[in-house]
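Report on the structure given below.
Which chain is which? They are A, B, C and D, in the order written, and residues in each are numbered from 1.
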Amino acid sequence: MYALGVDIGGTKIAAGVVDEDGNLLAQVRKPTDPSDAANIDRSIAEAYQELSASYEISAIGLAAAGFCSPKRDSVLFGTNIAAWRDYPLAARVAELTNPAIPVVVENDANAAGWAEYRFGAGRGTTDFLVLTVGTGLGGAAVVGGELVRGRYGMGTEVGHMRVVPDGRFCGCGQAGCWEQYSSGSALVADARAALVAQADRAERLLELAGGNPQNLTGPMVTTAAHEGDALAIEIFANLGQWLGAGAASLSAFMDPEVIAIGGGVCDAGAVLLDPTVASFEKHLSARTHRPALARIELARLGNEAGMVGAADLARR
Amino acid sequence: MYALGVDIGGTKIAAGVVDEDGNLLAQVRKPTDPSDAANIDRSIAEAYQELSASYEISAIGLAAAGFCSPKRDSVLFGTNIAAWRDYPLAARVAELTNPAIPVVVENDANAAGWAEYRFGAGRGTTDFLVLTVGTGLGGAAVVGGELVRGRYGMGTEVGHMRVVPDGRFCGCGQAGCWEQYSSGSALVADARAALVAQADRAERLLELAGGNPQNLTGPMVTTAAHEGDALAIEIFANLGQWLGAGAASLSAFMDPEVIAIGGGVCDAGAVLLDPTVASFEKHLSARTHRPALARIELARLGNEAGMVGAADLARR
Amino acid sequence: MYALGVDIGGTKIAAGVVDEDGNLLAQVRKPTDPSDAANIDRSIAEAYQELSASYEISAIGLAAAGFCSPKRDSVLFGTNIAAWRDYPLAARVAELTNPAIPVVVENDANAAGWAEYRFGAGRGTTDFLVLTVGTGLGGAAVVGGELVRGRYGMGTEVGHMRVVPDGRFCGCGQAGCWEQYSSGSALVADARAALVAQADRAERLLELAGGNPQNLTGPMVTTAAHEGDALAIEIFANLGQWLGAGAASLSAFMDPEVIAIGGGVCDAGAVLLDPTVASFEKHLSARTHRPALARIELARLGNEAGMVGAADLARR
Amino acid sequence: MYALGVDIGGTKIAAGVVDEDGNLLAQVRKPTDPSDAANIDRSIAEAYQELSASYEISAIGLAAAGFCSPKRDSVLFGTNIAAWRDYPLAARVAELTNPAIPVVVENDANAAGWAEYRFGAGRGTTDFLVLTVGTGLGGAAVVGGELVRGRYGMGTEVGHMRVVPDGRFCGCGQAGCWEQYSSGSALVADARAALVAQADRAERLLELAGGNPQNLTGPMVTTAAHEGDALAIEIFANLGQWLGAGAASLSAFMDPEVIAIGGGVCDAGAVLLDPTVASFEKHLSARTHRPALARIELARLGNEAGMVGAADLARR
């Protein structure tokens, strides 16, 4: 039984046919205009027409950046697509494709997390957390085999859990949000601060930035860390310290079996993962009473996770 | 269809017959010896015999303080009952009662929270959080209509989520745990500290404590606050500030519709609830984007919640 | 006995004749070019020539923004004047004026604080702290009747004392510096965050900013607070909370008799001062053991404090 | 010119003859009763009589645990000696010894710090900080060559500067005081917490404590750290992290040339000092602008510092 999964980005969609084992059998991409909701609907319909010529599609899953309705039929607030305000996305797509098959709308982080749960690091578990360390800190969670969505579709905004009272300002208007300590943005902010406060140790980072702290990027910090630069390694260790401590705190609530860490910052590998695991173990409540500690693993699925997860959720 | 719910305390059990609407139709209590697991099993069986004479019991739910197995058949670690270490409680009770009916073991806070969800403040919701402000800070959560148990039965230990890095020491060996800021123990600790640091404002509290700070109890702080004592009111406001901020942080993860606040400290009423709500609203992420804010309400069920919830869970 | 006090700003100097009681008898102002150290020296000399025609000047005090040498004869690092790097300012000015009279260089915040000590809120005390809540948080301190300069002329950088581990980023490259919580910049940052997180309470602030959060300024927050706007008052209360708590912490070290609060943010008056005093008293260590609490007062001297203090220091 | 220095403890006094180079030429000790102020006065007088037989004593300095008057003639509040409440100690001692020579009363930490400044690690500096890491965290400071006493004799209570808002409770009734993170008590509290939270890494510490966490002492942690025990080393590193960060924060205020670390916890040596220095350098504001960093050194004087410093202060 095949399902169509569509990952709707700000300026393009990626649509793919997914089988019951999470394999992506075929896919198409189409550019879209974020200011025009109807053109996105049509692009999805076109992708459906093309792919349904060769595959019998029994369900359509749409992964959207934003808050989705609890009934999973509309987008309440689209993060990148201004035209999505209480937008009945499922109904529109159903009209243009096949009203006889189910269309499900899901938050993109949830869709990707679900794919990771079903076919990646979370396979075989029932309680699972994904932390996506990208520009910000996103996530998805599975509790007792079910995706955590929240009453208003606003659940698993893990990046906005508070980890430091009166801490760093967050774009959300609060302070001390976890993503200000454990994200690509945090990495860059930490590194730029180090260029000022620890200029005498920051020679390599400054060189990579071409002499201008404002040009420093996360991948440059990764490069320096991989070269063995002590300051860059320290910056990753600090990020991992917060990532692990936050994961431990959240584990006191949801007690997962596996925590998958994904997102671009994970390209750093062991310089991030090792301190994350150490901090997680150090801060985990009742650690020595636990039958087993949650395993912290790298996420296994890449950019296709949104498509795969949306398709799988639509089929359920 | 009737179920038997049993709340197993440290030195006694309370067993009751619960109907499908959560009504407690009859109950018995029996003293028990915490050092002897078998006597607890027998007491439960006796209660069953007595009550099943008048009611047809179709399931038995056992609420136990401690970590329970994910299969809900045994107690991995009993908090108050030293004899419970990987103890197959459900099987023992089934042998002594009626092997034909299901016996389910559940953590007591979860059982009570489930009762609150089904028949109390959480009725009609799907995403629900209970925070129990007693000696410590306990809780239970329902996500998408399902109780959060965790992979190893160690979920919803909300009191051990970290709210202040390098904060107050906790008996669990960590520091900055939420329950060190939002519990009856925290209330007393705050008040005793105020007796030292703000002796000039603490006349009434000291008087209530008979002149000895070590004799100060939580109910005394409640009394003073209800009398209008400025310092006592401030101490409750501080506790509420932490309770609300933590609830906001957790809501970024689980996005509940209702948060019920229970436990003995809630006897304080508005001096605790009002600042809790104000702090929750202030700290809630994406507050102005939400279709609705979670409602913070007092828990409605009292000491019988454990029996009622255990019975209801056993029947499902 | 008259002394000349010169406040050297980024683009102008102000020079004045000061008598032994701190009265400013005459003054002149001259534009200067911050990229050319020699033109500043000459402008000072011109001011001296003009004023010494009518007043017998026995000493010259120069207030400079930057780190000054412990011997008070040179500027090690000029904050606004790039040409000042280990610059022998006193010798240059002496050459161009009157080599027979002493020339003393002092940090501008120290000079202004000294004036406040001798002729303002600190008069008659021996242990005195000034906190200047301007764009940043500056200060000066007198201990046992002597100005605190530090071994390398880098003392009383109070704005960079750490008040929150892992707190808000500071331009100095550290995090959690006091000035990130108690300054005009902090006020604006707090208010902008509130415009996002508490949009529903921020109508008046947004209106004052012409609808654009980026246009919000500190004086607008003051205006709103004076009008009775609850959010603006809350923002000042928060700032005062940090200002008072920091002052209490520093008082554990220096035990001052008077703490003067100055700088532009103080135009807010009671909405800032009242919570500052309350927080100071709440957080002061050993408060109830103290013979008296430090008095927190508004600074009394205005923009002329730099000149007056520099002159007075030169005469000693 | 010889001076008598007397260190007045809770149950004994130590009195010694000190020359101008800080050498202790002779000393006597006498038991005292802390409930009887007059017997302490008499014991001091006896010591004076004995020692003045061989040395011509020109001044008497008394080091007392407690808050001393700014005029240095009385004890406002004796920490260990309940009979000292506004007690005119200098006058009483003068009556019983030689009314013709000056008698000066100084806080014991200040006296010891002064000795360290004049004859120990601070020799030759003008701006100097001593941090005494004993049961609590005490200290003394010299600014511009003068001892920091404070307006009410309550200065340099460094242990009660706040380093963590809402942090660990302090016996003073406040929370987050520096001494809760950097003292012998903090060391033991940290180690006991680790015995719970990290039981699997705490085998050696538990063994040293004879199997009972309540028996664990600071010296045991030192022993384990010197043996190479990873957990004990980590505990010292954490303490050093706080000690260095606090010293950096205080250096933003007083800009010392030398910071001496003393007290019993320093017996740990490099396991404490190395992380202290690293943290100090990491957190020091404007580090790369400084002509030189403050040197962190071990204090050089031992238990005799109180006598030596009191004597030296009396002679000035």
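FYI, contacts are C-beta pairs under 8 Å (C-beta built on N, C-alpha and C of every residue); 3 or more make two chains touch, one makes a residue touch a chain.
Per UniProt, the chains are A, B, C, D = Glucokinase.
These numbers come from a predicted model, not from an experiment.
Interface residue usage between chain B (Glucokinase) and chain C (Glucokinase), two copies of one sequence, is largely shared: over half of the residue numbers at the contact are used by both copies.
Distance from the centre of chain B (Glucokinase) peaks at C, each centre being the average of the chain's Cα atoms. Averaged Cα coordinates give chain A (Glucokinase) a centre that lies 47 Å from the centre of chain C (Glucokinase). The geometric centre of chain A (Glucokinase) is 53 Å away from that of chain D (Glucokinase), both derived from CA atoms. Chain geometry summary: the mean Cα position of chain A (Glucokinase) and that of chain B (Glucokinase) are 33 Å apart.
Within chain A (Glucokinase), residues 164-166, 172, 174, 197-198 each touch two or more of the remaining chains.
Partner chain C (Glucokinase) is touched in their complex by these residues of chain A (Glucokinase): 164, 166-169, 171-175, 181, 189, 193-198.
Chain B (Glucokinase) makes touch with chain A (Glucokinase) in their complex at residues 67, 70, 76-77, 125-127, 141, 143-144, 146-158, 160-165, 172, 174, 177, 245, 248-250, 252-257, 283, 285-286, 289-292, 294. Interface residues of chain A (Glucokinase) facing chain D (Glucokinase) in the complex, by the touch rule stated above, are 165-166, 197-200, 282, 287-288.
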